[in-house]
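Shared chain: chain A. Partners: chain B in the first complex, chain C in the second.
So, the complex of A and B:
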């Protein structure tokens, strides 16, 4: 916003107008929540007011920060592992059409099986604790990356592929110069899809298994009847998940502009 | 010939996957908690287990089904509102994104105080399915070609008749895509909703059998949840293929 001084006022007005036209529903939601608590005369234990929740988050950032950091770390490591394994799997399948046919059921499973619902099974198999949380965030991000990177590798335009064939490029050169750069936009789409999901999956696993992190902070606050903290955790998680999405979308736009 | 080969490879891949699950269980590479598939199926021979699983399956399928229907209708209504009143559109888009970003576990206590333990799974299913349908419906309603739009504009069609005669028919394939993706989301929502103290359902069965080391029961619950969402997805995806031919 490097507007010249005379335009400053109108510009700010415009920006506020734009913000209002986009986020009025969110503001209305918060207002409705406040009105609901007030008109129903709900006990603070049942439903705290927006003011109490926002106040708790702003007054005690230290109470949230360690758990938030742990959840984000779990999600980030899981996404990184999932992307690596997904890309490796896609490359493996790319080398052989037979393998790619054999993997079709995997792609169907990815689209249709609710992985997050399998948290109890995964916990039983790999053990309770951080290992289970990491496995879940990894699995959640693996499938989209695997499928999208696979189609990204096949997306190179036929004409460019012909150029590489004519020049008798080796498979490795083709991969490095043509296919991997071509797959970057697909990988970034996968990142946008998985980043918010990984945060939420990590929280759900922490809640269910009682390991560290936001999910556990939430479970603890509910048990000790601290609704402002519990709803505050939900608020923090929502904001973080939206920010992850916004960040991943920005990365996607940048990357798509750079690589296409 | 090529199609036959793809089908053959897909079938082989499915068999291989099942065989790998069986072998991992037989060899015990993943420990006690990964039983052979045949053992899970054999456990269903016990009438008590079958009864327990059947009741849980019925509860979850009902919650997911009602949630799916309610969520899809609500999402379609919101998307259509956005088309008829463009002023509201940006706000509605943001609302959907934010509601989708609210972590499922955060909704648990809120829903238990408002709709009760019984209703929570279907409401979470509705929210999860609704978002997928909303995204598909918004892009579907914008999918009509510019040329067709120009014709409607030139003939002075009202916003409503453009919606009914152009935008809704053009949205059908994408909408069915969204519905296919919403079906697994609804099953997931129903299972997660069970974790907040629902009286019965696959989610309840999953957690209680996890805590009680009832490995076969846990696996049969997990595989049932996977099976219903796979079937619902496959049915809707098939419908989509049929519709794509009609509406293309």
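So, the complex of A and C:
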């Protein structure tokens, strides 16, 4: 009509093209899954079709929402506590070389212990239920934050530290005006690393020890032989942790641009 | 208040001479390296800087110039000898926030604007920020329009101007500059030299400038102290009596070139 509509059309086409070129692997994976189920003539109990799974999620959002909310809450509280405690630990280590010699190697070792191995130990100590789930998400976020915040606090250039020394800055002033702002990029890297992991850790902990959440939804669906729901839970969890990663990465980019 | 009459007041003795602004007396500095080995960076250095004097410490890299400056700033302790600032330990002046310093690395806070970087000494000292003073310094270094710019949005020369403004904002008694233009290209560097000459003429603060650039030293200083060797020792002191204000006309001054040539030759010999 006025030459605008076609333009809009091309732009949409371009956008679709960009999306396709970036995420075609995801589509290919879903297609392969569908083809696999069909060609192997697998029973729906063993492996539901993509259509069944997507259909279950889209038709029954209410069945997922409360558990998803619960899992996200567990993950968010865990990440927040982990960041807080990790930063507090890094600050303790910053004030005392003795503590540093004690805690840093321990943190490095703990960081390489997989979550699954921690779960039985934590269950033994804090028991089952929400406390256990929160402990696990907190522990999972604590170590990367502790290590990265520690190096972030030491990231200030020597010349800038000298300027603060010549200005007779107190330890607290140095921390507030130089070291903490300087550690923000490292803290955001820690957030990007922990946010998606925390969602998956929360699910795993809920599955094994919890009473609510996506992990429990998955467990219930398996028990009641509802494969579409079980796979749907996995799908929702995957999408949510990818979104957490994308969100955290955006925050990291913003923060890095602001603080460096 | 002698009430007993036992202690008598000294007969009108001449007042002791006011202490120099900066004084190094027989300063030797050793750094310990690994396995109890040491390296001597400076060997019995004597140096005096008067009030309101601009002294340039000139020498090849590695001869201990920065070490001198860091000792004056209280960032290092001399191994032997004495470093006095206004007659006392550098720490006294530091504690009163009376020392300004700028390095080759601008050492600005990357997340803060030019204004906030210049205001930093107020905040560190726990004083309310004097906005008029900060603005005055932005003007002094020719950055009126860049108050809100962050360091990464500024050129190298502009960043050094902010760093110098930050060093000046609390109106220090002593200004210490360690190769502040060392990372700039030759043309910008010379431009900044004339800028600093103008700023200094305006403020007349006791200044110690460390540099390996002979032109820069002669152009700015009242006195050039040539440091050579490893360990560094004072090899020569040159009074620069060139008229002020010093501006680009200096490029046509024969005496200027004469001094530069002589000091360059001295550095050359020192390098043998």
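Heads up, the rule we're going with is that the second predicted complex is superposed on the first by the 247 of 260 C-alpha atoms of A that agree within 3 Å, B and C clash if a C-alpha of one lies under 4 Å from a C-alpha of the other, contacts with A are read in each partner's own complex, and residues count from 1 in each chain.
The definition used in the following text is that a contact is a pair of C-beta atoms (placed from the backbone, for glycine too) under 8 Å apart; a residue touches a chain by one contact, two chains touch by 3 or more.
Because the structure is a prediction, the values reported are computed rather than measured.
Of the two partner chains, neither chain B nor chain C is touched by A:9.
In the superposed three-chain model, the partner touching more residues of chain A is B, compared with the other of chain B and chain C.
Using the contact criterion defined above for the overlaid structures, shared-chain residue A:129 touches neither chain B nor chain C, since it reaches no partner. In the superposition on chain A, contact of A:17 is made with neither chain B nor chain C.
Judged by the touch definition given at the top, the superposed model places A:106 against chain B, while chain C stays out of reach. By the touch criterion stated above, A:171 is placed in contact with neither chain B nor chain C.
Residue contacts after overlaying the shared chain place A:66 against neither chain B nor chain C.
Residue contacts after overlaying the shared chain place A:34 against neither chain B nor chain C.
Partner chain B is touched in their complex by these residues of chain A: 21-26, 29, 46-47, 98, 101-106, 108-109, 111-114, 116-118, 120-121, 123-125, 196, 199-200, 203-204, 207-208, 215, 218, 222, 227, 230-231, 233-234, 237-238, 241-242, 245. Contact residues of chain B toward chain A in the complex are 5-6, 8-10, 12-14, 16-17, 30-31, 33-34, 87, 90-95, 97-99, 101-107, 109-110, 113, 181, 183-185, 187-188, 191-192, 195, 202-203, 206-207, 209-210, 215, 218-219, 222, 225-226, 229-230, 232-234. Residues 70, 73-75, 94-97, 99, 101, 103-105, 107-111, 120-121, 123-126, 152, 166, 176 of chain C touch chain A in their complex.
Contact residues on chain A toward chain C in their complex (touch as defined above): 157, 159-160, 162-169, 173, 177-178, 181, 184, 258-260.
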